[in-house]
Each structure stands twice: as structure tokens, then as C-alpha cells.
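Look for subunit A in each of the two complexes below; its partner is subunit B in the first and subunit C in the second.
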Partner chain A sequence: MLDFMFVFFAAIALAGGLVMAFHQSIVHSAFALVAVLFGVAGLYWTLGADLLGATQILLYVGGVTILLLFAVMLSTRDAGRLAIGRYILMAPVLGLLGAGLLRVYQGVIAISEGRELTLLEPEPTSDAIGQLFVDPHGFLLPFEVLSVLLLVVLVGAVTVARQQQEGTPDA
Partner chain B sequence: MIGLEHYLYLSGVVFTLGLCGVMMRRNVILVLMGVEIMLNAANLALVAFNKFMLPGADGTVAPDGQVFVFFTIAVAAAEVAVALVIAVALFRRLDTVNVDDVANLRW
Partner chain C sequence: MEALIGLFGELFGLEGTLALSAAYAVCIGSILGFVTVYSMFAIWMERKVAAHIQVRMGPMVTGGWHGWAQSVADAVKLLFKEDIIPTRANAFMFWIAPAVVFCGVFAGLIVVPFAVGVQVVDLHLGVFFIIAIASIEVIGVIIAGWASNSKYSLFGAVREAAQVVSYEIPTATALLVPILVVGSFRLNDFNTWQAEHHWLIFHSPWLAMAALIFFISSLAGCKRAPFDLPEAESELVSGFHTEYSGMRFSFFFLEEYTSMFVAALLTATLWFGGFNLPFVDSSAWHPALAMPIGIVVLLAKTFFFIFVQMWLRWTLPRLRVDQVMSMGYKYLVPWAFVALIATAVWDYYGWGWLPL
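For the complex of A and B:
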């Protein structure tokens, strides 16, 4: 059952990723992004991260993709041509990087040898995660810093949008 | 059976697809979508490592890796908000969202 779930969600994510990266229509790419995000949410569930999967769907599928589609509506639908030619030169470099990464992966996998995914009775993780967020020895400081970041982003976005409307972008 | 390696390979492939999107697409919104996919691939690796490498004494798993992913999601949402404001401003001023056309820092 778990194998089937992994293959199912992995296939969704991979197909979505392929369409996102190579489809000529920008709106198609946006909906393929939804597929990728949904597939990753399903993979979170196979790993027993129920709260994370739900958050992924709420925030990414419901929020970020809608924002992206709004930006498409407010700008242009022209996706532009794929710039493949100039990056063929970079393929050997990327291949080397990938080979190095595979080497690291092999070392990591050797450590986790024998640990298999056993989950068919999901336990809620929200309690433990919530405790970690407010634990001074856990993630309290990053949590507070994050709220400051969100405030800065809010003010910054409003500032840029207002400058545009007043027609004084160089103020 | 599904092990850590399956998740890692999948994460690597999804990351590569996102990288292809970032490098080959010319529309700035599509570049952003590629960045989102790369972030998601990294998140998937984080959760998988959490699940397989950090089992507690009684078999339960401390969700530190999942907390990391929450931070990533929040920062990514902030990043998208700012980047899209910039993209729309770019389109209003220069009438283009093609990253090749925007090579100067100031007009």
C-alpha cells in the first residue's frame, strides 16, 4: 500500500515537474506546478508528516499558485522561448556536480541501511511541532525572527506597489 | 520496500527539473515557479532525512526536520510575494518580463 502511494505521488510530482519546465504555455506551467506541490504533499503524508502535508496544500496550492496566476494575469502570457542552446555548454559541469551528489547520497544511504518505511497508522504530529515552535531551547528565536521577516515583506510589498501608483518610482 | 534512497533520488530529479525551469525559461514568473519546485525538492529531502535518520528510543520521531520545512515554506511564501510585486512593477515600467531584457540595475 505504501509502495503504491509513493509511486503514485512521485509520478504526479515528476509529470508535473516535466510539464512545468518545458510546456510552452505559462498557464499550463502554473497548473503543472499545482500537480508538483500536490504530489509533494502526498509524499509528506507517506512520511507521516500530516500537518506538513495539509500546510503544503493550504499555503502552496491554495496561496502561492494563486498569487502566481494573478501575476500572470497582471503581466503577459508570453512564456518566451526555451533557451536551451547556451546551457548545453554547462551540461558537463552539471554532470560532475550530479556525480558528486550521488557519491554523497551513497554514503548517506549506507547509514540508513535497513530502516524501512513502516507506517499505516498515522499519528498526529501537530502537538510535537507546536511544542518545538514555542520551546526556548527549540525554535522560538527563529519563529520570532520569521514574524519580523513577514512584517518586513508586507511593508515592502505595499511600498513598491504605492510608488508605482503615485508614479514616482525613483523617489 | 520504500527506503530513504527512493525519496532522495526523487528529490534530486525534482530539483533538477526545477533547475531546468530556472535556467531555460525566460519569463520571470516561470523562473519563480522553478525556484518553488527546487525548494519543494529540498523540503522533501529534509522530511525524508527526519523520518529515516532521527528515530527516537521508542520508535517515535522528533519532528525537527518538519519544523525546518515550516520555516522554508514561510520564507518561500514571503519570497514569492516580494518577487511577484517586482515582476508586476517590471512589466508596468518596461513592458516586459523577459529576464534577458532586464540586464541593467537602473533605468
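For the complex of A and C:
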């Protein structure tokens, strides 16, 4: 059952990724990104990281991509055809990056080759993650630092947005 | 669920994955059937409630007794209607949007315990899963608004996305308050906790406040009046589903009533005792007795909250866009955080209603 679900979600993610990379319309690419993120969330779930999968759906599928879709839909006309020619110079850099990634996968496969895989029944992870977040020897400090950073970003964004509005009457 | 798998094994000799798939198919099919019938009933109920609030009679003719068959007749009409796809619309996106919208809300129902043992999956992340999977609905609405190639649809979709994404914050924060007290995401744990102690609404003033915040922001999440800006008829024709007709249109209706049901169900399960009766200890009852009574009790509580949602819809005027945003960000979000932090402190010291 888990094998089938893994293949199912992997297929969603892969198909979404292909559409995202090759579709001419940027809005379609953004919608395909939703499918990719959903498929990856499903993969997390089948691999036992249930909290991570649900968080991915809540934050990325339901939050971040919506902001992205807003930006794309409201800022481009005629569904925004991508001018690929302008980005052709990026191709060698991206190609090198892809080659590097392939090398890493090769290394991973070489390490894991010949090893016995033991499939465990996935356990709920939320308790352990919650404990780690409030444990001073765990991730308490990074968690708090990140929270402060996000707060600073939020205040900064509001400040920037308000400065641009100066001159217009305050609503 | 396990009982069903066993039953399939005995009856048809199914084993392993096959029995599991068959059991899931039966469970999901029965929930789908329930949701469809419930939606027809809820639409009839909404029309009657609205009519009586406005001192009218509502549907009275179809089917004889108080027009009970009105929704059935409407559903049949919608089935036979021509399925129109606008020429300039994006056909595939237009086709997939109602399905995405409905799936997001419907998927939440599979983790809900209707009575002892009446649950498809007893998921560890129950509440979190419902909130997470429901956020897919927004994507479907944006797809619908964009693919229709109509400015009213797009405006409706943009309003909906802004509203729902904003109100996810107070909804999720208010849900954290009972989760903090019970110490679990699992919906069954809320039922057992409230059977052993008391209903969470009576736990402390902060829990009552969290219930109120959750109920208000879930109204906004369901796009119900007074938060029905995404489909404001007088401004946007009918918002993001302007271009839809026939069965596709009815999927948006199904989604709206299903999300009302999920919101009312969560309120009943998390704060109002779930399927437990007040003052009666049902834990020792025989499953054959506890099961039907549990379902009836939970549905009665749920329908009470659905009635309150309808009541509010037909008594309150619609908010303006800026009022919706200031309501969410200036009032609900800060007070939800106050309730969360206050509950953490109160329960640490073990206080009750008054800090004695």
C-alpha cells in the first residue's frame, strides 16, 4: 500500500515539475508548482514525516503559492508568456548545478547499494518535534532566533509598504 | 474501519491491500453520500430559516409537507442543465477547479470521529490535518476565478484568497487553545478528555473566547455572510463561480455546505463535548447502543451550530473589504494570541474559571 502511495505521489510531483518547467504560460507554471508541492507533501507523509507533510500543505500549498499566484496573476498581462530568450545565458550555470546534483545522487546510490532496507511502521512525529522546539539543548535557540527574524521582516515589510503610500490619504 | 476490513475478509475472502482498499472505498463512498444528502437538507433548511427570519414561508409546494422536496427537485434540475464552458475560458482549469475545491474540504471529513469507532482514519494529526487540507480549497477557487476569464470571477477569487488566507491565522491559533489543554491533535482524544473531565467550553474563560474566535473566523473561512465578499451578489454577480452552471456550479454549493458542516463539527467536537451527552457517562455502554446515540448527539450539536451560522447570515449586513481585514488582523488575531498565552499560564497553575 505504502509503495503504491509513494509511486502515486512521486508521479504527481514529477508530472507537475515537468509542466512547471516546460509550460509557456507562467500562470500554468505556478499552478503546476502547487501540484509539485502537494506531491512532495504526500511523499513526506508516506515516508513517515506526517507533521512535515501537513505543514508543507498548510504553508506552501495553502499560503506561499497563493501569494505567488497573486503576484503572477495581477502583474502580468495575457497570462504572461515567458520570454525564454532573455534567460538563455543562465542555461550553462543551471546545467552545471544539475550535473552537480546528479553527482550527489550517484554518491547516495553508491553508499546505499547492497544495504538491507528495513521498512518501519511510521510513528507520529509531532510529539518529538514539539519537545525539540522547547528543549534548550535542542532547537529552542534557532527557533526563537528565526521567530525574531520573521518578526523583523514583517515589520520591515509594513514600513516599506507604508513609505510608498505617503502622499495618498490614509485609509 | 478495522471491523469493516475484517468483514470484507470474511464475506469475500479479500486480504491485505485489497480488503483495505475496498474498506476505504466503502467508507469514502458512504461519507460522500452522506454529504450529498446533508447538503440538500441544509439548503432546504437554509431557505426555511431565511424565510422565517424574514417573516415569510419559504418553499411550501414541492413534495407536499413544507416543500421538503425542493432541494431534490433543484438537484435534478442542475443535473439536466447544459454544461457551459465559456469560449475564452481555459477548459482544463475550468474543468478541474470545482473538483479541487470540493476535495479539499471533503478530505477533512475522513478523520472525524462520529461516534465510538465510527471513523475512517484515526489520524494522529486529526485537527491539524483538517486545517491543512482545507487550505487546498483556496487554490481551487483561484483556479476557478482565473480560468473563467471573467473579471467578476477574478475579483471574487482574489477577494476569497485574501480573506481565507488571512483568517487561517486566527482559526489555527484558536484551535491551538483546546489542543494545548488536551495535549493532542487526535480528535478522539478530545472526546475522551471531555468525557472524563468537562466540556472544554467550560474549562476557563479563555477557552470560551477561543471558541468564539474560531466560530467567527470559520464563518469567514466558509465565505458565509457577513463575510460573503467573494460572492457579493450586488457587486460581483456571484463572484468566482459566475461562469459556472449545472453540476459544476452545484459542486461549489456542496463545498460551501460541507465546509459549514466541518466548521460546526469542529466546534462541537473540540469545545462542546463531541459525541458525549452532558451529565451522562456513556463510556460503559454497549457499542451497539453508544454508536447510534453518539452519532445522533454529535449531529444534533453540529446542526445547532449550522443553524447559528444561518441565523447570523440572515441577520447581519455584509462587511466591507477593509472591515473584514481589520476584523481579522486587529481583533481576532491578537485576541487569539492572548487566549493561547493566557491558557498556557492558567493551566500551568491549574486555575479554573476564577484564579483561586
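What we mean here is this: the second predicted complex is superposed on the first by the 118 of 171 C-alpha atoms of A that agree within 3 Å, B and C clash if a C-alpha of one lies under 4 Å from a C-alpha of the other, contacts with A are read in each partner's own complex, and residues count from 1 in each chain.
By our rule, a residue touches a chain if its C-beta (ideal position, glycine included) is under 8 Å from a C-beta of that chain, and two chains touch if they have at least 3 such contacts.
As the structure is a computational prediction, the values presented were derived from the model and not from experiment.
In the superposed model, A:61 makes contact with subunit C only, not with subunit B.
Look at A:27: by the touch rule set out above, it reaches subunit C but stays clear of subunit B.
In the superposed pair of complexes, A:70 makes contact with subunit B and with subunit C alike.
When the two complexes are overlaid on their common chain A, residue A:51 makes contact with subunit B and with subunit C alike. Partner contacting the larger number of subunit A residues, of subunit B and subunit C: B.
In the superposed model, A:124 makes contact with subunit C only, not with subunit B. When the two complexes are laid over each other on chain A, subunit A has residues 51, 55, 63, 67, 70, 74 in contact with both subunit B and subunit C.
By the touch rule above, subunit C contacts subunit A in their complex via residues 17, 20-21, 93, 124-125, 128-129, 131-136, 138-139, 142-143, 146, 154, 158, 161, 165, 168, 172, 185, 322.
The part of subunit A that touches subunit C in the complex is made up of residues 1, 4, 27, 31, 34, 38, 50-51, 54-55, 57-58, 61-63, 65-67, 69-70, 73-74, 124, 126, 171. Taken together, the subunit B residues at the contact with subunit A in this complex read 1-10, 12-14, 16-18, 20-21, 23-27, 29-30, 32-34, 36-37, 40-41, 43-44, 47-48, 50-53, 55, 60-64, 66-67, 69-71, 73-78, 80-82, 84-93, 96-98, 100. Residues 2-3, 6, 10, 13-14, 17-18, 20-22, 26, 29-30, 33, 36-37, 40, 43-44, 46-49, 51-52, 55-56, 59-60, 63-64, 67-68, 70-72, 74-76, 78-84, 87, 90, 98, 101, 105, 108-109, 111-112, 115-117, 123, 125, 128-129, 132-133, 138-139, 142, 146, 149-150, 153, 156-157, 160-161, 164, 169 of subunit A are the ones touching subunit B in the complex.
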